[in-house]
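One chain, subunit A, links the two complexes that follow: it is found with subunit B in the first and with subunit C in the second.
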Partner chain A sequence: MYGFEALTFNIHGGYLEAVVRGHRSSLLTASDYNNLCQCETLDDIKMHLSATEYGPYLQNEPSPLHTTTIVEKCTLKLVDEYKHMLCQATEPLSTFLEYITYGHMIDNVVLIVTGTLHERDVQELLEKCHPLGMFDSIASLAVAQNMRELYRLVLVDTPLAPYFSECITSEDLDDMNIEIMRNTLYKAYLEDFYKFCKKLGGATAEIMTDLLAFEADKRAVNITINSIGTELTRDDRKKLYSNFGLLYPYGHEELAVCEDVDQVRGALEKYPAYQSIFAKLSYGESQMLDKAFYEEEVKRLCLAFEQQFHYGVFFAYMRLREQEIRNLMWISECVAQNQKSRVHDSVVFIF
Partner chain B sequence: MWLSIKRGAQNFSSHLRSLDGLLGVHRSQIKIKFSVKTSRRIRHLIVKMSGQSQRLNVVPTVTMLGIMKARLVGATRGHALLKKKSDALTVQFRAILKKIVSTKESMGEIMKSSAFALTEAKYVAGENIKHIVLENVQNASLKVRSRQENVAGVKLPKFEYFTEGETKNDLTGLARGGQQVQQCRAAYVKAIEVLVELASLQTSFLTLDEAIKTTNRRVNALENVVKPRMENTITYIKGELDELEREDFFRLKKIQGYKKREIEKQMAAAKQYAEEQVAEKVSLKKGISINSAHNLLSKTVEKDEDIIF
Partner chain C sequence: MGGTLVYQGRLTWLHLGRPSTTLFLNFSGLSGITNSGTESSVTAGGPLCLLTNRHEMSGFSLDPLWAAGPGLEWTGMGWIDLASARHSMGLSRVTSALFDLKSHSAATTLHVSQQDGDSSLLTDAMVEQPHFVLYKWSSSDSGKCFSGEIEIDKQEMQQSSSSELRHRGSSLHSELQEEYSARSTPSPKVEDQVQKERFKSLSVFGTLVSPKLRAAQLSFETALETLIKIANMRSAMLSAFAQVQKHIEATTK
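Let's turn to the complex of A and B:
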């Protein structure tokens, strides 16, 4: 029912949309980033951040501050905001919010499974998990001895169950390379999310499908470039590409046979949206590709806030917050390692 | 005067008894001091003379002189060789020192750049990349091996690293950040190279230091203790031998003197006897007393001016 959301959206989603827009306005601006880049020590950074929304989270930290502490506390803030929103949400918004965190959940599951395979301690593994991706039975992942048990005992109750059953039979789980497993799961997750958003319809569907398509294409390009020269066969590579997006299906055909970064560039130049990304890189260089993708993503995420009455703002807010935390991590590491000249290499200004 | 007696000497009272005769000093005036430092090979007691360096207490014979001279030659040759060894080691030492300084500087740079490569990887691939990589590892693929190198006679340890097995996880960060992870890996491999080299340089430095100290100690010992001792012993032996010779010579001369006097006495006695015989004959012939015969003879011995023929 496109166009009539204004009538009914605010009944269930109005409060949370307002909350999210309020959070969005507290994202750090370019002038904040400039101030942070001028800092000489981590204590200066802490001082600047205490003037922003991060103040209450950082002010109790003892003085020899470590970059990982800063990142941890900022992530904690994000988790708190997310939990608050999740509590207040109703269907279908609550499902939507949960979908946003499945990516982190997949990462956590894979981490614990590999750790258990190599006989590491469960408590240590749990500490290393991303807080957004925690679920209740996560600790029992460590109990399972092999993949079949793992699936039967634990995963079948989690929301990740359908991803496992769709794409992986239980024999594969034992031998398959961890990265391939992670990427197959993520592909299934993206496709599922895409379907869910389409079902929601309206402005949400339009904006979210756009954002998810960009995500899928970005992953396809990255997978291609990172698997050049490794043992990953072309068929395996193709299996990891999602079945939606701008590049589907013809772009995927071309990407699957690429053996070189320049070939990838050639394949992507047919899509004007991505052409601008590659124009920023000179020939043969692929280091800054990730940063270029992040910049493009941030632009699109900001555009999502231009419209009202859709769920895309929540997704966009989470992603923007994550980017901000990445920026903060980069700035603090540069300051801590005395590499101030490289600070501007990777900071993506949100606005 | 004091003596030093080797550890393990039994019954040093008997030593005392023999020694006081040798030294011409009464037993009560000899003080005993135990010294642990006497050389294994030299089983003689070392005598300290006031104000000079020591000499060995040996029997001053010609054979002993030969032995001592041979020992001195050995000590001199050993001293020269050890000095050469010490010089060679010092040269190596300085070279290693220079290399250590330059390697340490480059290590600082490389560690900085590899830490930064890790930051880049974390930025692109997410904070968890460290944990993901760590959890996936079974055992180390870069290992360090040590071997011995012989430098101027000193065994120096040298470390080198080698890759064992291949690294799986080429696919780490497949969807994002794979490139950065590989770059980070390369940076840290370089860092390991430098660290291993620095480790072997530093251990060689320490070992060489020890070796140089020992060698210098030996050189100084030879130069300042052993050789003077040998020389003093040789001088002493020569002195004793000379003295013995002089004694012999003196004895000989004295005996010769005695013998000469004996002979003269005998000759004088024989002459007197002959004279008496002649006097007896004359007295018998002329019928005068022996005394007047003696006088006659003696007068004929002294030339009488009145007697013409």
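Let's turn to the complex of A and C:
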């Protein structure tokens, strides 16, 4: 019953909610980012991060540092925090936490399959996989020749199995089919996560459905913009949009026929929630669209912490940490390439 | 007799022995080129005029290169655009682990040929100069190259240098840019094929890639074209210098 979570939530979820709120307070602030943006070298960045919770993860890294090393170690911290929360969680929170990682699992599957198609070594591909998306039989993905084999040999025993019902064909895996597989899997995952959150009910359902609807809409816009000028047909494009969200179904009808960024703008400006995003961009511009969407997403994720006794804080924390890691990656790249004038192009302040 | 290279403002004068045989080399705005013959780096790029005995004037212009000067930054832009694409798409989507190791033909090739020196400068055409030609976006299916040669030949340079001498001024660089882009605009059919080849080469990262990755590809493509132009300009300059040296040696004998 919505509104009465305060009576029972803390029995099973109180400790972990306190843990995640503690982690949230350690997210980098605007003054941390200002200091980082003024660094001249990656070693300076390491020195500034040593005063944060990333310190223990970076302190033993030898110079010269690379941007990939910084990202890898920061991600390791996130993984450790997640694993601690997962092993302490009971149902249904444990299932909720597992749902958060299925997106990374899909990315890892696609990485292994694409790399195998390009005759890359499996060990090399496994090193590039996201640690949150690893599962036991992931290395066996390399033997599959088509999607049917992919499902039968490997994925049938993974949490992604239910999402494959729309993907199973005997067609050989090529670049286009893999891309369609990626987006179809992600669509099925989002819809499943949405249904699960709705079933949980209460504040979790209210907050998570809003966050997932935004995620679905953001993906629809990205798929539209990325497919402009490609061989993807309008019907195939529409099939990749999720069946929920603010843009479903009428916004999707308009997005499916868009041929340039201005038409996408025209389709989305009808929705007040997305007017503010496009108000920041000039006509024809798409470079800053990512940043505008990330800023909106961060605003919504931060609002999740304003309410207690729901699981949305765990999802919000994971996403905010991922945004922080993206920020650190961008700052490191700008410093390493001596392009500090571009550093504010993509950094999204969280607090 | 040897010569001394003197820099004065935007003019570089190469005095060679007798005052009657003074060669004026005017450089302005070109950076990064080293003329090993003079052991100096050229720090400016503008009209390059060779006057022999003050009666004969022929030259080739570095102004296309001056117009392409900002293009030298394209390499840096390409790398930052690539980082932007990785930021947008995710580290697992844009990674070297996805490069295709199956054997396939190169999308872009560089051919080096030896050309004879410019006979309009001097009678001695025995000096060879290497000439670089970039064949972009060769289709792996048909073996055809869609965007053709990218080069600046001597005739174009001479034509543009003579027009520059008549039309000096601040609008010069923009005029040359417009002229060059008009000359190099391909037909719509070729442009479509080139776009297809571009998408094909990016397909290692997936078929639905971010516009930032496409921007990175364009930046690197422009950087490559600029490097070829620089190489051809340098080759022409070195060849011209060699010819002038030979002529001076012949006349002093």
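What we mean here is this: the second predicted complex is superposed on the first by the 337 of 351 C-alpha atoms of A that agree within 3 Å, B and C clash if a C-alpha of one lies under 4 Å from a C-alpha of the other, contacts with A are read in each partner's own complex, and residues count from 1 in each chain.
By definition in this document, contacts are C-beta pairs under 8 Å (C-beta built on N, C-alpha and C of every residue); 3 or more make two chains touch, one makes a residue touch a chain.
The shown structure was predicted, so the numbers you read here are calculated from the model rather than taken from an experiment.
Annotation for the three-chain superposition on subunit A: subunit B and subunit C clash.
After overlaying the two complexes on the shared chain, residue contacts for A:E253 are found with neither subunit B nor subunit C. By the touch criterion defined above, A:D157 reaches neither subunit B nor subunit C. After overlaying the two complexes on the shared chain, residue contacts for A:T230 are found with subunit B and with subunit C alike.
Looking at the shared chain after the overlay, A:E149 reaches neither subunit B nor subunit C.
In the superposition on chain A, A:R120 makes contact with both subunit B and subunit C. In the superposition on chain A, contact is made by A:V71 with both subunit B and subunit C. Of the two partner chains placed by the overlay, only subunit B lies in contact with A:R219; subunit C stays clear of it. Applying the stated contact rule after C-alpha superposition, one finds that A:E269 touches neither subunit B nor subunit C. Once the two complexes are overlaid on chain A, the subunit A residues touched by subunit B in the first and by subunit C in the second are 68, 71, 107, 110-111, 114-115, 118, 120, 125, 128, 130, 178-179, 182-183, 222-223, 225-227, 230-232, 286-287, 290, 326, 329-330, 333-334, 337, 339, 342, 346.
Interface residues of subunit C facing subunit A in the complex, by the touch rule stated above, are 76, 79-80, 83-84, 86-88, 90-93, 95, 97-102, 195, 199, 203-204, 206-212, 215.
Every residue of subunit B that touches subunit A in the complex is listed here, in rising order: 112, 115-116, 119-120, 122-124, 126-128, 131-132, 135-138, 168-180, 183. Residues 68, 71, 107, 110-111, 114-115, 118, 120, 125, 128, 130, 177-180, 182-183, 186, 218-219, 222-223, 225-227, 230-232, 240, 286-287, 289-291, 326, 329-330, 333-334, 337-339, 342, 346 of subunit A touch subunit B in their complex. Contact residues of subunit A toward subunit C in the complex are 68, 71, 107-108, 110-111, 114-115, 118-120, 124-125, 127-130, 175-176, 178-179, 182-183, 222-223, 225-227, 229-232, 286-287, 290, 326, 329-330, 333-334, 337, 339, 342, 345-346.
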